[in-house]
Every structure is written in C-alpha cells, then in structure tokens.
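Before anything else, here is the set of structures, which you'll find just below.
Note that subunit A is present in both complexes that follow, paired respectively with subunit B and with subunit C.
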Partner chain A sequence: MTSATPFLLPVLLVAGVWFVAVLDGALADRAAGYGSGARRALSRTGREAARLLVAQRRTTLAADGLLRWAGVLALIVAAVLAAGVVPLGWEAPADLSVGVVWFNAMEVVAWAAVWLVGWGPNSALSLTGGYRFVAQGLSYELPHMFAIITAALGAGSLRMSDIVDAQADVWFAVWMPAAFAAYLLSATAMAFWGPFDAPVGRDVAGGAAGELSGVDRLLFEGGRRLLLVAAAAVAVPLFLGGGHGPWLPAWAWVLVKTLAVLALLVWVRHRLPVLRMDRWSEVSWIVLLPLTMLQALAVALVVLARGGGGQ
Partner chain B sequence: MDLTRALLRYAAHAPHVLLVPVPGAAGLRMEVEHAVASRRWREATGPADTDVLIVVGRPGHEMRAVIAEVWRRVPAPRLRIDLDPHARPADVSRRLDQVPDLLADPQRGHREAESAATRHEETTAAGDGNVEDGDHNARSGHSEHQAEDPGAGHTEHAGHHGHEQPHGPAEHGEHGDTGHTELAEQAGHTEHTGHDHHAHHHVAMPLPGGLAMADVAEDRDGLALDVLNLPLGPVLPDWPAGLVLDVVLQGDVISSAEARVLDAPRATREDTAGGGVVRDLDVVARVLSVAGWPGPAARARSLRERVRAGAPREEVAGELTALARRVRRSRTLRLMLVGLGRTQRTDVADLLRRHLSRIEAYAGGQPTEASDEPAGLAVRDLGSRLAGAELAAARLLVAALDPRVPDTAEAGRTEGVGR
Partner chain C sequence: MTLALFTALALLAIASGVLVFVVDSMARATFALLVSFLAVAAMVLLTDLLYLGAVIILMMIIEMVVMAVFMIMYMMNPAGLMPMSMFHNTRGAAVICGLLFAGLSAGIFLADWPERRGTRPEDPTLELGTALMEGHMLTMMTLGVTLFSTIVATVVLATGRGRYDRLGDRLDAGHPDDPAGGGVGR
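Our next item is the complex of A and B:
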C-alpha cells in the first residue's frame, strides 16, 4: 500500500466526489417528495457529468478567461494537495511535519479560487457570489484555525500521523467536541457546501458559478466536491482517530470514517436553509470563536496537567 | 462521433430546464414547474446552466426581446419550447416527453452550436443604436455574451460577419421544434431589453469590451463608493414573471430601485392560478427557495399542484400541516429571516408566517377570509421598499412581498394600493 498511495489518492478522491454527488441527488429527490430509486440516483451523476462534457463553453463580454481558468484549476489543485497529508491507513502520501498548517494553507487557496471565478466573467451576479465567499471566509476561518490547532495541541505535533497516534485510546472528537463541531461547520463553509452555499446560491443565479458552462462548470463543481471530500478526510486523522479501530485494517477504517463524515455533511445540507453571512457572521464571531478558544484553553490545561507541555 | 453521440444520448435524460414565465400565465407556470419536477429534472440557475428553455405563455414585444437575449446565452446542445398560454397539462407533458430525443439528436446539436455562435453577431449588427437606457454604466450581469470565437469581438465592430451569416436565418425555424419561428426571429431587434449595451457608444473610451467605468457616489454611510446600474430580472430563478428591477447597487447594497413589468398592458387577465391556498403555497415555495431551502420548497410546490388538481382537503391536510410546522419550527430559518426588511417597512418572517397560518387554517378546515390575505404589493411600490436592502435581502423581500404583476383581477386597481 505504501508505495501505491500517491497514485491511489486521486482515485479515492474521485470516488468520494461520486459518492457525494449520488447521495446528494438522492436526498434532493427525497426531500422534494419524489422518491428516488437507487438506480436513478446512481446514473444521475453520470448523466450530469455527461451533459457538461458535451455542452458548449460560452463566455461573457470582456470576460477574463485567464482568471476563470486560474480559479477553476486552483480549486482542484488545492483540494488534491490538501488531501495529500491524510494518512490512508498509517501512511500519508505526504506526511509533512507541518501537515496541519499545510492543509490550512491549501484550503485558503479556495478563497482566491472562488473569488477569481466570480470575478472572471465580468458579471455582477458572479462577482456577488465571489465576495460572498470572501465574507464567508472571514466568518469561518478563525474558528476553523482554532479547531485544528486544538487537535494539534492535544497531540503536541503538527504532523498528521502523530495526531493519529495520540488518539490510540480516545478520539479527539470525544474530549474536544466543540472543536470537532466547529471543524465540521467550517469544513462545510470552506467547500461552500450545505447551508453555506450562498456563494453559488440560486438567488444570485448560481453566483460565482453562474456564468460557467460545459467543461468549466464540470471542473468547478467537481473541484468544489473535491474540497468537501478533502475536508471530510482530514476530519478523520484530526478528530476521529484515523485508522484506529477494531477488526478492520487501518485503511478501511479511514475510508469508512471519511464516508460517514461525508454522508453527515450531505445530509445536513438538505436539513437546513442557507446561512447568509449577514446573519451568521455574528454567531460565528460571538459564539463559535470564543467557544473554540475556550476549547483550546481547556485542552492546553489538560496537556500541561499531563506534563506534556515542556518536552 | 460515436462517443459524442453516446454522451448526448446519456445526458439527454437529465436536462436542466430554465423556465421563463410570461406575465399572465401563472397557472401554466405552475403546471410546467410540476411537470419538470416530477420528471426529476433540475431547474437551471441561469442561461449558462440551461439545456431546455421553456417560454411559459405568449410573450409580448418586450419579453420576446429579452428571451432572445437569454436564448443566445444558452450553450448547445439546447432546446427551446414555446408553450401557448392555453396549453393543457397533456400538451405540456407531450412536449416534455419529446425533450430527451431532441436533445440527443447529434445533427440538431451541431446546428444549434453553429447558430449559437452566429446569433451573437447578428444581434449586435441589427441592434446598433437601439439601446434604450444609455445611462447604464458598467454593464455586467446581463451584458453581451458571445461564443468562444476569438474573432467575435472584432467582427461586431467591423460588421464583416458575412462568413457566418448564412447559417443564421436558416436555423431559426428548426430549434425548439415549435413552429413559433417569429419569436426566434426577434433576436435581431433588441430595442427594449435594457440588457444590451454596445461598444459603439463608447468609442472614445477604449475600455474592455466597450464597457463604461462605474460612477462614484456617496453610499448610505456617506462614503464615496462605486455605483453600478443593473437590471435584475426578468429571467432569474424564483422571480415574478416579467418583473424587472432597475437597481442602483453600491457593493451589494441597493441604494435605489425601480420596478417595472414587461409587457404589462398585454398581460392577459384570465389566469387559472386560483387564489387562496394555492397562492399561499406558491409564495411559501418561492420564499423558501430563495432562502436556499430547496426540499421544503419543492414539497410546497408539489402540494400546491395536488390542491390545484382538485385533491380533497382531507387528503392533503396532514401534509400541509406538517410542512407548515416544519417551516415554523426551523430555528435557522428564523435566524435568517426575522426582522429582515425592517428598514423597508416589511418583515419577511412575518409575511411568511401569515401565509403559513392561512395554509394551516385551510388544512384545519377553517374558513380563510379573503380580507386577511396578505395583499401582494403593487409593482410600482416595490422599488421604494427595496432601497437600503442588500441583494440577498432584496431577493427575499421580492419573493415575500409577491408584487402583483397585473395578471390577476386586481390589475385594474394597482395604483395607490401599496400596502
């Protein structure tokens, strides 16, 4: 497995994207009251991809094609690179000593990516979508950073595999629940998914993605789901014990846990209306941010009490 | 190519549909929404996401021009369907059943791709100098779109579009398989769209694409901020038929707005939309959809169709109550809507609650009084209600206020109603 992981990663990510798309389509039909057969749900994703493959690419007047391409590609590249630090089993394709920081740096690329895609078409509603995402970033990023730093603090390391090792007995999700919850919320917001999809909302006619057609749209939508998969996958080593678990081998536990997190995120999307930042940022800054800071403080005290602070 | 053929055929069963409702055809619009949803097809967010454009009702002069503009922005393979206002559910169903075969036809797709690339140049050549609103600065949202033809930007100035021209008129009769060729031919005459802006007006200012720079004006805090004049609508998801909001935007705050309805005088009065609970469900569905809660919105629409189809009250009462309860109980929705529009003398949450109460009253068998029906706002009063609102808030306000486009019996007395 070890030598194959770098090649396995893209395959697994695409499989994750497919899983998200299928589940999402099925839940959408179910929520609408039109039950969805399993076969229909399975084929729908392929059909949606096929329709974008055969569709013409159109663009707008005085559009900046370079920005649009840069944005779409950055989204995909950032998602793949972010997922690179996730241990598939015990070994990550790239087990960096600063894995947590690397992941955080890659996902921030999404800010630029969505902004560029929104800016590119020279369209007011697209641009609105773009800056909605930046506003969203200002709301989710700080709680997000405190959440992942709390996990690193608990393990005393920024390396993903060290964080996994520290959870051999107890998952971090168990004794840092606030950080875990904040992470899940911010992971959703980062992929502008679920209740945080105002940047590509229907009310602004698709927002940042509104003027994309054909392959452009396919790549953008794919990149967005890649980002979601990457964020869900990183939750596993950070909070859910990575490959630790009975009976199954480590890699199987990572897959099962990742799919479970993904299923949760997709399910939540259909439970909640969109969270607009003009209302949500208040909650984010007044409730979530202090909560994650307190969580970090509590974890720091526990680590000190265990004598893990001054190694 | 066989691969393309196979992909076309495979993709044709999951089309995205863009509905363009024409004022005065609310009943037909509901019928089509239902027909699309029950096939599990998705509604498109905009022209770029569209495979099938459905014009619901017979558009007048102004709507025709807008629809031609929108059609130009739809990527091939594409299909246009024009539905007569008197189309029966069976007609709608028959037309939609033909969609996959038509979309999967590779020859059609090829012709559409060519005509999509050509249409742009015709329009620019013919529409020269016919821009109604010359003061629209910094065009963007709905400005000119063109196919990825590197030469396109130049041909529009020089006017030597001859090499592509022959494809144009010959194609028009084909698309949509509708026989309404006269609609398609309108593409060349975009007098009143308010969406077109031509490079010719700004020859002296060589800016990208011939677009003007934005002006600067004081915003609500007294700071100098760019001003963007933007027409919102009439083709937006979950938007009242034919409504155009000419907004002045600073950032995403609307500093002033003016509402108008395209083809208002032509709108027919006869409307099968029905009143009472059907309309309540329609408004609730629209507000929920704009609020980004597609599940309950779709549920409200499907219940609306069952009521419209004459389902007895007892049969739908349980589901109506369940829907109303679910929407009422959502804390998230309350957090997002409560007090929204207060500075605009409105409250979206309150308007939604009133519609929900009426739905519950209907489900419970209590008489709903016509007098406490939240009266839709007259279109002419809409603009003043939106000043100071952010774009997202404005969308919710428009959905909740349900401006009365003159397509109902109230058409004659919209003046001065404004409550």
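Our next item is the complex of A and C:
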C-alpha cells in the first residue's frame, strides 16, 4: 500500500466528495419532503456534475478571468496538498516532520482562493462573499491554530504519525475536548460549510460563487467539498486516534472515522441556521480563543507533569 | 535537479515581483507579490528548512489577503476596480533600487562567510526552537511584550470609540451601545 498511497489519495478524496454530496442531497430531499429517495440522491450528484460540465459558461462585464481561475484552481490544489499529510492507515502519502504546520499553511490558501473567486467576476455581491470569507477566516484562524497546536503539544511532535502514536491509549478528543470542538468548528468554517456558509449565502445571491457557472462552478463546489473532506480527515490523526482501534485494520479505522466526522459535519449543516459574521466574530474572539488557550495551557501542564517537556 | 528547481523558483520570484509593477489592477499586483513570496518560501523548503518554509507560506498568504483588503481600500481609484499604475517617483526609485541592489550584491561577494562547523542537525526545527527560546528567551519575551504593547497602544490611539462611548460617562450603562451587535449578547 505504501507505494500506492500517493495515487490512492485523489481517488479517496473524490470518493469523500461524492459521499458528502450524496448525504447532503439525501438530507436536503428529506427536508423538502421527497421521502426516502436514496436512489435519487445517489444519481443526482452525477447528473448535476454532467449538467455543469456541458453547461455554457456565463461571463460578466470586465471580469478578471485569470484571477478567478487562479482562485478555483488554488482551492482544489490546496485541499489535495493539505490531505497529503493524513496517515491512511499508518503511513501518510507525505509524512512531513512539520505536518501540522503544512496542513495549516495549505488550508489558509482557501482565504486567497475564495477572495479571488469573489473578486474575479467584477460583481458587487460576489465580492461581498469574498470579503465575508476573509472576515470569517480572521475569526476562526486563531482558535484553529491553538486547537491543532494543542494536539501537537500533547504528542510533542508536529508529525502526524507521531501524533497518532501518542494516542495509542487515549484519544486526544477525550482529554482535549475544547480543542476538538474548536477544530470541528473551524474545519466547518474553513470549507465555508453549514452554519458558516455566509460567504456563499443566499442573502448575497450565492456570494463568492454567485457568478460561477459551468465547469468553474463544478470545480469550485468540488474544491470546497474537497477542503471539507481534507479537514475532516485531519481531525482523525489529530484527535480521534488515527488508525488505532480494535478488530479492524488501521486503514479501515481511518476511513470509518473520517466518514463519521464528515457525516456529522453534513448533518450539522442541515440542523443549524447560518451564522452572521458579526456574531461569529465576537463569539470566536471572546469565547473560543480564550477557551482554546486555556486548553493549550492545561495540556502543557499535563505534558510537563509527565516529564515530557524536552526531548 | 535542485539547482534547476532553485533557478526556476528564483526566476519565478523575480518575474512575479516585476509583474507587480506591470499589471494595472491592484488585485493582480497583490497576488503577483504573493506568488513571488511563495516562490521564495519554496526555495526555503528546498534547503530542507521545512518549518520555516511552511510558516512563510502560512504567514504570507494571510498577510497578502489582509493586504489585498487594505491596498484596494486605500488606492486612489474607487474600489480598485479601475486600471491604475503602481509607479510613483520612477527616477528616484530607480536610483535607490539600483544602489541598494549593487550594495547587497557587493555584500554577498565581500562578506567573510563562516564555514560550517559540525554536521547538519537531525531535526533543524528543534534546533531552531532551542536557539530561539533557550539562550535568547529574555530577548524573545521582551520582543513579544513590546510588540503586544505596540499593538494595544496603536489600537487605543486609532479607535474612534472608547469605553465612555460604549458604557456612558459614568461607565454604568448596563448594556454597551455598539454600532454592530455581537454574538455574546453583551
């Protein structure tokens, strides 16, 4: 499996995107009262993708097509590169010694990507969506950094496989619940998903994605779900014990846990209303940030008490 | 291979740096500059300084996206949507840049570079952290507090609304008078 993992990664990511799309569609159908249309949800993703592939592309006046394309591509590339440090089983396609920082660096590419996609079409509403995402990013980024650094602190390493090894007995989600909760919130916000989808909200006519059509829209929506899959997959080595678990092999546990996190994120999207930027900013800075700092402090004290400071 | 990559990245960094002054849109200028920074970050990654490289990527993207907001806000053309020029005081700038470039290049060749003593450490990130935090802890702490107080002072000086505006002259208002509501319900 080792030599195959780099090639397996894109396949798994696309499968994850398909899982998200199908589950999302099924939940939307249920909410709309179509009953149990599992087959409908299964086929709709393919039909929608095919429709977008053949659809004619809409253009706007004096659009900056280059920047829009750069944004759409950056979103996809960043999501794939971010997922590269996730151990699929015990080995990651790229098990960097600074895996946590690498994931963080790739995931902020979304800031530039969404802003560029919002700027590109030369349209006020889509630009509003782009700016909303920057405001959202400034709010979630610090709690997010504290959350992932807390996991690295608990393991004494920035390498994903070391963090997984440190969870052989107890998952980090168990003794770092605040960091895990902050991570899940910020992972949702990062993919502007669920309660955090104001950047592509209906109140701004689709926001950053409002003027996208055809292939552009397919790639952007796909890239956004890719980012969600990557963020959910990283939650597994950071907080949910990676491949650790009884009976099943490691790769199966990683898969099961990732799908469980994804299912939770998709379900939450249909349960909670959209959060307004001004409300979210204050909650993030006044509640979440001190909470994650206290969590990091508590974990640091535990690590020191165990005598784990220096190496 | 490494040399070819290094050269390609160096050329990309210079070319996108030049593009900043060639393009006629503030957004393109900002992101051309970002590409230049990212090429430099990739060069740092090439030297196996993974942590520094990843942090440069992280910082530069956040920084340039925030910069994009401000650069577009403060440009002379409304909203930055109209064509603009990045050139001001071209002759003076050319002289200053030429002198600076010559000086720095001369420095490269004239400086007495130290030879490597010992071998490359197993984990450069750990060595960097130790170097920064062990012997120079006092410097880092002073630096951190100074930076933090500068930020606080700047915000205090710049803000148009202080606590008296929010809570009344006697600071006894039960509910602060804020233009935008927050989520904590204060």
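In this text, the second predicted complex is superposed on the first by the 310 of 311 C-alpha atoms of A that agree within 3 Å, B and C clash if a C-alpha of one lies under 4 Å from a C-alpha of the other, contacts with A are read in each partner's own complex, and residues count from 1 in each chain.
As a working rule, a contact is a pair of C-beta atoms (placed from the backbone, for glycine too) under 8 Å apart; a residue touches a chain by one contact, two chains touch by 3 or more.
Because the structure is predicted, anything quoted here is derived from the model rather than measured.
Trainee: Quick one: is A:Arg58 in contact with subunit B, with subunit C, with both, or with neither? Answer first, second, both or neither.
Mentor: A:Arg58 contacts subunit B only, not subunit C.
Trainee: Scan A:Ala50 for contacts with subunit B and subunit C and give back first, second, both or neither.
Mentor: Only subunit B is touched by A:Ala50; subunit C is not.
Trainee: Tell me which partner A:Tyr131 touches in the superposition: subunit B (first), subunit C (second), both or neither.
Mentor: Both subunit B and subunit C are touched by A:Tyr131.
Trainee: Touch test for A:Arg279: subunit B only (first), subunit C only (second), both, or neither?
Mentor: Touch status of A:Arg279: both partners.
Trainee: With both complexes overlaid on chain A, does A:Trp119 touch subunit B (first), subunit C (second), both or neither?
Mentor: second
Trainee: Per the contact definition in the header, classify A:Asp165: touching subunit B only (first), subunit C only (second), both, or neither.
Mentor: Once the two structures are laid over each other on A, A:Asp165 reaches no partner at all.
Trainee: With both complexes overlaid on chain A, does A:Glu91 touch subunit B (first), subunit C (second), both or neither?
Mentor: Neither partner.
Trainee: When both complexes are superposed, which of subunit B and subunit C contacts more residues belonging to subunit A?
Mentor: Greater contact footprint in residues on subunit A: B.
Trainee: Can you list the residues of subunit A that meet both subunit B and subunit C?
Mentor: Looking at subunit A, the two contact sets intersect at 62, 122, 131, 275-276, 278-280, 283.
Trainee: Write out the stretch or stretches of subunit A touching subunit C in their complex.
Mentor: Per the touch definition, subunit A meets subunit C at residues 62, 64, 66-67, 70, 96-98, 101-102, 104-106, 108-109, 111-112, 115-116, 119, 122, 131, 134, 137-138, 141, 158, 275-276, 278-283, 286-287, 311.
Trainee: For subunit A, which residues are in contact with subunit B within the complex?
Mentor: Contact set of subunit A toward subunit B: 28-29, 31-34, 36, 40, 44, 46-48, 50-51, 53-62, 122-125, 127-128, 131, 195, 197-198, 201-206, 209-214, 217, 270, 272-276, 278-280, 283.
Trainee: Applying the document's contact rule, which stretches of subunit B touch subunit A when the two form their complex?
Mentor: Interface residues on the subunit B side: 4, 7-8, 10-16, 37-38, 40, 45-46, 48-49, 51, 73-77, 109, 113, 116, 139-148, 208-211, 228, 230, 236-238, 249, 252, 288-296, 298-299, 302, 330, 332-333, 335-336, 390-393, 395-396.
Trainee: Which stretch or stretches of subunit C touch subunit A in the complex?
Mentor: It is residues 25, 27-28, 31, 34, 50-51, 54-55, 57-58, 61-62, 64-66, 68-69, 81, 123, 125-126, 180-184 of subunit C that touch subunit A.
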